[in-house]
């Protein structure tokens, strides 16, 4: 951590399922300090009274007593960064207003993710994409800017693909997901729909995962991101698990590889956050388990030095031939797949001087 | 149905989870009549007292009052066919004894499935493989013979691959399964292991599914089965669902195909059991659902004209390109994937004269 | 069944979770014939397209093609009876309109249940309460009338209390429920709330169960129902089960009783529907299981001659002394606890001449 | 904490589900130091290799590398106390051998719980019962002694009854439990038995809970425990939840009480461990929640200053009249209901000088 000054934080969508994870994580943060909570219907109420709190851990008492403000730039006055946990329907307009007003917004919403001049960040993979922020400001004439983080399902997948592409030339990925209930927010999936069942469909998810992964894994040159050429076939399923997205990956590679070499590539993978020792960066972005029957959501979703920030991989083995790898991966969908990556992005921005003086 | 004579049936392993499904299905059968129940520790007791019955439907009263016999050939005297629902560890030896003693055995156990002279039957796919029984008898010097049915996971998959291979030249299949608890028998999976969890591993399952599918889909020539050349990459997972194995399939084909053409190929698929109008043959071996979010285990596992005997397919769409197809399939693991296919095999054998006068 | 004329039926709230059960049950009924489906937002659409169908069994094709009408008396023209599966908020007003317009309404909604002149029917218990309908018409100046059926939780409980009161003078009942998800309708309970959890509260449920049971078990004299003096203490819980409300009952009695005598009292209990052999009347309104570990929702909720219409009781034993009985009961909440009892009430009304010519 | 000397600990039954909780809790303990792990079939292996570890948290590395010893007194040489997490079948004999050999045994097994001279400890309730240890030694001629802790279900219940008895004269308790899967150990309840189900029976549990509670709540005079006269009616159920036993309690009292007074009595309850500030003693043995819908197992089982050691109570209300109280309570069955109370008992013994110099 380079500059431990206090960074003032505002949060859009504070009472939603996604927003709650920030309230759960940030009070323990060494320098990000939540100053303003903003919401829609909850505006004017104390956070602790407005929220349908989803976690076993109690709400931080200071947060519980904070009055939620209306979602407008004046509410965030004095803040260095605005996290957006808004639903995508409203995110497009509201986030734009904050950026116009001079705020740096880090958004989990899908609204701006695929905009050509908006970085879609997983700091371990594409720290250099932050450079888009400058051209974005110029082009849009904004004083502020918007950075985004990806869909929960694509996050763990992209992290695993990164070293496989770099080291073995992964060129095709066939993926099947078994996704947790919290990925659908609250109230989300009705219990009558998922009890004693699996649902083989999540609206728009497969398209999002593929498109976003190609952008995240793409290369920046001349201010433009050239998407990764990797081809993807994705099948998304919902299973009755609270947290933790499981995914099977079958990857075709450009060269022969042993499972051992693939495991080594995955477990030695490090990114800019590890080099910078950012507070929310796990020691091991990818943890490799050697047992036959891991990862498992209930046992492994909070593994690692920063709980929920590591992707856990297991069952690494060849596919049909030596030029293919099969594995199972698990990623905590509301930490690494949402608030955690957004917080890590903010830390990276602060560390690299994107958050102003 | 060609010959409605009464066929006398004996059952090995009657009290186990697999055996119970026969007791659940056979009392309603038009001509297969259960005459002898055989077991291990349960021998000497009334079936209704010896069994830990797993179904909501009550045990057929006649069966409940039947005394379980010891698992030896004399116990099946006078029977035309012996179903084996034995655990694989004991199946190898016991089934051999019955075949030596002159019985035709139809076994769900894995013990003999991969023997070169033993047919591995899904009657819709490979009715002609029954011809192996004659050479088996000659070669082994047995008066009886053994036929087998496949692993529960491979059954639905093979049925879906058959028309895709025949019509579009499917050459590679990447499969991820989400398998039901009943596939592990009783007591099977501990609740503490699967509650709020997914287990990404089922011992030996992936190897079995691949090898068996290649045999089932193979061609018989000169008394030898030449395995299908299809290449398979399989990832097996256990989920918290009682019955019904879900599987995603990504298939590479030899030619361009539209989802519509693939759906038509699947839903018009018929086999020998449909032509012979066998009593346990469903009108549609494969049912295609057009909704986005089907099949689902709880809603679709008993679909079709013979509940549990149809494979339900949905989400048919191209993969990375027009030479690939993705879909989701659901197959009832203890009906189509076990007792149902064995009963259908017995019906085919009776219809084609394999069960003697 | 005394008069097998066809009775024409209209249904209010046809697409809701409660209404669907009628569409599931009535097409097989010997003389109740669904003529008109009515709904709110679904009006104008074909039923099969408007409904989010919750059952594995497919929708009856005739029903699926029926166009849903608006919820007003003209839509039910020519019908002999109107079932109401409306949410309670709208039931009060809409049902009144239908009764004013001359229709006999049988309602599952709570709106009118506790009105002094409205019978609250469980036909096995209080067939004679139907006599209230005449005074209701007189008093209200209606051509039609409203009969109601109780809350799902109170139905099974009241049926078990009836013989215990009559034979042993049950005077106090301490009850704890473990209620199924379908009792909350659809979408109802969010999966994130109930997964790996128990919820110890169901809004207004405890009050309703106690008040309704006292009315159901009350005696009619001089046109007024005198509530049963039984005292009740009730704790309602939600558990992760789709269908089937479990309840433990601890009853203080006026006299000594053995478990055997209590079991006999329960299993020999019969009511007017059994004497009249009404089509939806189960042979045994109460089934007594002797095993230690029954009833269980998944195994027993559809027990009996009319699936879902029998209450299943087990674990009958004394409490602290011989003047108390403890037991566990299970009742299918959307059949016996909802549509089934309403249909049985309609059959009773038809049989006793309440449905006009 | 009076004497922070290091206390050397041995553990019987280290690899079982109960034993694992000690390995999970003790490495963080300020002065109890695990010196010897003992097991049956696991003897001779490293703990990390012998155990089927059930928790998400990894095994303490030192413990994982410790070689499991045979379950005999020599293996515990030098230890000040022996925790027994043995199955009851073997506990009777093995624990006796350790006590004869001079060890102080604190056992979770039921074998010796009801022996007249063996204390059955919940330190908040009956710290003074430890005095039985002296007479036990004299009477049995042992150098060591056995203390026990109660069944998991009775622990939370007894803690709630204690202040209700002391302050309001609770004289009858009607209890229904909804118990977690971990209470049955591992492999324990088969998933096929509990998925989409409730099981209304746990063998011997109801008898144990009643008898043990009367002993725990009893008074010691002249070296003999006089059981509490409270009368109990208990119905035990298993539900699909991993940890946390829920119970509804209906208590008849000797005097009028308001819910508010009952809540105050519960939340101000303190015992000897709180006065002694023992390390595993929670600040509040009983936490009272005021919301309608609490406690809930998933949200509240780890509440309090020592996670899992507080009983959480909610829904406090009158029963049929002002001389009765109804409430719902939740207690973590493998912490407060097992290892946690045993550890707290050891701390009490150390603090009061029962563990020798």
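Which chain is which? They are A, B, C and D, in the order written, and residues in each are numbered from 1.
Keep in mind that, in the parts below, a contact is a pair of C-beta atoms (placed from the backbone, for glycine too) under 8 Å apart; a residue touches a chain by one contact, two chains touch by 3 or more.
Remember, it's a predicted structure, so these values are computed and weren't measured experimentally.
Peer 1: So which chains are sitting against chain B and chain D at once?
Peer 2: Chains that touch both chain B and chain D, as defined above, are A, C.
Peer 1: What chain is the most remote from chain D, judged by the mean position of CA atoms in each chain?
Peer 2: B
Peer 1: If you tally contacting C-beta pairs, which pair wins, A-D or A-B?
Peer 2: By number of C-beta pairs in contact, A-B is the larger.
Peer 1: List the centre-to-centre spacing of chain A and chain D in whole Å, with centres computed as mean CA coordinates.
Peer 2: Averaging C-alpha atoms per chain gives centres 42 Å apart.
Peer 1: What whole-Å value do you get for the distance between chain A and chain B if each is reduced to the mean of its CA atoms?
Peer 2: Comparing mean C-alpha positions, chain B is 43 Å from chain A.
Peer 1: Which residue numbers or ranges of chain D touch two or more of the other chains?
Peer 2: If we look for residues of chain D contacting two or more partner chains, we find 195-196, 240-242, 298-299.
Peer 1: Which residues of chain D touch chain C in the complex?
Peer 2: 172, 174, 176, 178, 195-201, 203, 231-233, 235, 237, 239-242, 246, 248, 250, 292-299, 314-315, 319-320, 324, 326, 328
Peer 1: Name, in rising order, each residue of chain A that touches chain D in their complex.
Peer 2: Contacts found on chain A: 55-56, 195-196, 298-303.
Peer 1: Per the contact definition, I'd like the list of chain C residues that touch chain A in the complex.
Peer 2: Residues 17, 54, 181-182, 186-196, 240-242.
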